[in-house]
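What follows is a short report on a single structure.
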Amino acid sequence: MSYARQMLDTYRRALDADAGTVAAAIDAMNDCAQACIADTDADLGEQNVTEMVRCIRLCLDCADVCTATAGVTSRLAGYDADVTLPLLHACVSICKSCGEECERHARMHEHCRVCAEACRRCEQACRELLDALQISG
Amino acid sequence: MSYARQMLDTYRRALDADAGTVAAAIDAMNDCAQACIADTDADLGEQNVTEMVRCIRLCLDCADVCTATAGVTSRLAGYDADVTLPLLHACVSICKSCGEECERHARMHEHCRVCAEACRRCEQACRELLDALQISG
Amino acid sequence: MSYARQMLDTYRRALDADAGTVAAAIDAMNDCAQACIADTDADLGEQNVTEMVRCIRLCLDCADVCTATAGVTSRLAGYDADVTLPLLHACVSICKSCGEECERHARMHEHCRVCAEACRRCEQACRELLDALQISG
Amino acid sequence: MSYARQMLDTYRRALDADAGTVAAAIDAMNDCAQACIADTDADLGEQNVTEMVRCIRLCLDCADVCTATAGVTSRLAGYDADVTLPLLHACVSICKSCGEECERHARMHEHCRVCAEACRRCEQACRELLDALQISG
């Protein structure tokens, strides 16, 4: 069981979604941030780095947005829809763009295939959290 | 002249807003993140820390959102409205909430008065950047 | 297999330690950062928040240091002992202090017990990476 | 007066260095992180991006280390020499390396000249804070 889930299970929160959905989203954001940071470095090591520029930029944005969204989502005690919902929308958008760009390089670069998978999982987990929060909101 | 502005003046970007507005927003986000990080620590040092809990939580969220938004805004070369606009909306919302909470403690704690000012400036600078991006978009 | 490990397995690096040791350290740092972020929020929700101030401060420092160290360690392609070694030493120190403080609250607060475990694991993983890098260096 | 300095002037801390030296270091770290984030994006936009790979990697490390060190330094209330001193040493090392690499590109790329300046100032400010902390420690 992830630390995000273990922590969520140990304290009371004014949580607007079940702990499993929240923990899955936090884990997916942290995984995606890590994959994007590593993919940036791997892209920079490729001979065709010129063709990887868009991928690198998207990975940098994706890591920043995932990290901030994971932080805010981990503090759901003070949940504010006007902050969390647009953040989750931004996270879905960047994970989608970054995942699609990584996918384009997946056959040539295995690291982009792995990163594309992390982005897609994060996009999906954020959509599920958004659905849960909007139904309960 | 801030480093954000100096950097923006040195390279070509597919920028959808004038460099002054973008640099002012980046500077205000970085200032606000710094004020929130310091205010969190100052709040933790107060005797009435129990009454500062909401302020601390908002400052932590505000610092995370400002930092990520400053990063993404600094990479406007790959500007994507579906990412930047919701991020800026999230930044406006958290700066407004955090600024209002800090203002409530401003008479008792000078550090909250300073932080409230940084939040209000950041909220205003993000609104101006949003206006500029939406007009040009 | 973690994304950190999957990514490390997909590209060539001038790596001074085996991929398992590096990936374990990166995973432990990301887990520890997440546990510390969540523990900060949980601490703020406790009735005895006044007694949790030191724990909160250490968790905030620990999250910052773990995040930066995970980032730099993920970019080992450009490994520089003068940067990575002191960072890992700082990470060991803060994980040790934060883990000990969390341990003090572990009987009263389950979230602190979980966070203490994450800190200890990260301290240990950083020590193992330090050993590997210093032997090879 | 910067927000870092304003905040430091508003609350009591167990500070081991004068507020001017601490605030100057925090400001220089935040400026350097911002310059490095922007320089990364500018480097990615250059035609000779292949020759900028080392510069990009150093800028990414430098931004991470400066951000974490600024955070920990802003929480000097819980000052711990075993954490802050190695962090400051890591910050000096990466600012030195990053500044030297940026300097190599300064004649061709104005953005690297600006970033080199931010790195050198941060290196110097960190050295001064280290001196102050070690004398008092």
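Order as written gives the chain letters A, B, C and D; numbering starts at 1 within each chain.
Everything that follows uses one rule, which is that contacts are C-beta pairs under 8 Å (C-beta built on N, C-alpha and C of every residue); 3 or more make two chains touch, one makes a residue touch a chain.
What you see is a predicted model; the values in this text were computed from it and never measured.
Peer 1: Keeping to the contact definition above, tell me which chains border both chain B and chain D.
Peer 2: Where chain B and chain D share a partner, that partner set is A, C.
Peer 1: Looking at A-B and A-D, which one has the bigger number of contacting C-beta pairs?
Peer 2: By number of C-beta pairs in contact, A-B is the larger.
Peer 1: Most remote chain relative to chain D, going by C-alpha centroids?
Peer 2: A
Peer 1: Between chain A and chain B, tell me the centre distance in angstrom, where each centre is the average of that chain's C-alpha atoms.
Peer 2: Inter-chain centre distance comes to 22 Å.
Peer 1: Distance between chain A and chain D based on Cα centroids, please, to the nearest Å.
Peer 2: Computed from C-alpha means, the inter-chain centre distance equals 28 Å.
Peer 1: Can you list every residue of chain A that touches 2 or more other chains, as numbers and ranges?
Peer 2: Residues 40-41, 44-45, 57, 60, 67, 71, 75, 77 of chain A touch two or more partner chains.
Peer 1: How about chain B: which of its residues touch chain D in the complex?
Peer 2: For chain B paired with chain D, touching residues are 2-4, 6-8, 10-13, 26, 30-32, 34-35, 37-42, 44-45, 67, 70-71, 74-75, 77, 109-111, 114-115, 118.
Peer 1: Inside the complex, what are the residues of chain A that reach chain D?
Peer 2: Contacts found on chain A: 40-41, 44-45, 49-50, 53, 56-57, 60.
Peer 1: Would you pull the chain C residues touching chain D in the complex into a rising list?
Peer 2: 54, 57-58, 60-61, 64-65, 67-69, 71-72, 75, 77-78, 80, 82-84, 86-87, 89-90, 93-94, 97
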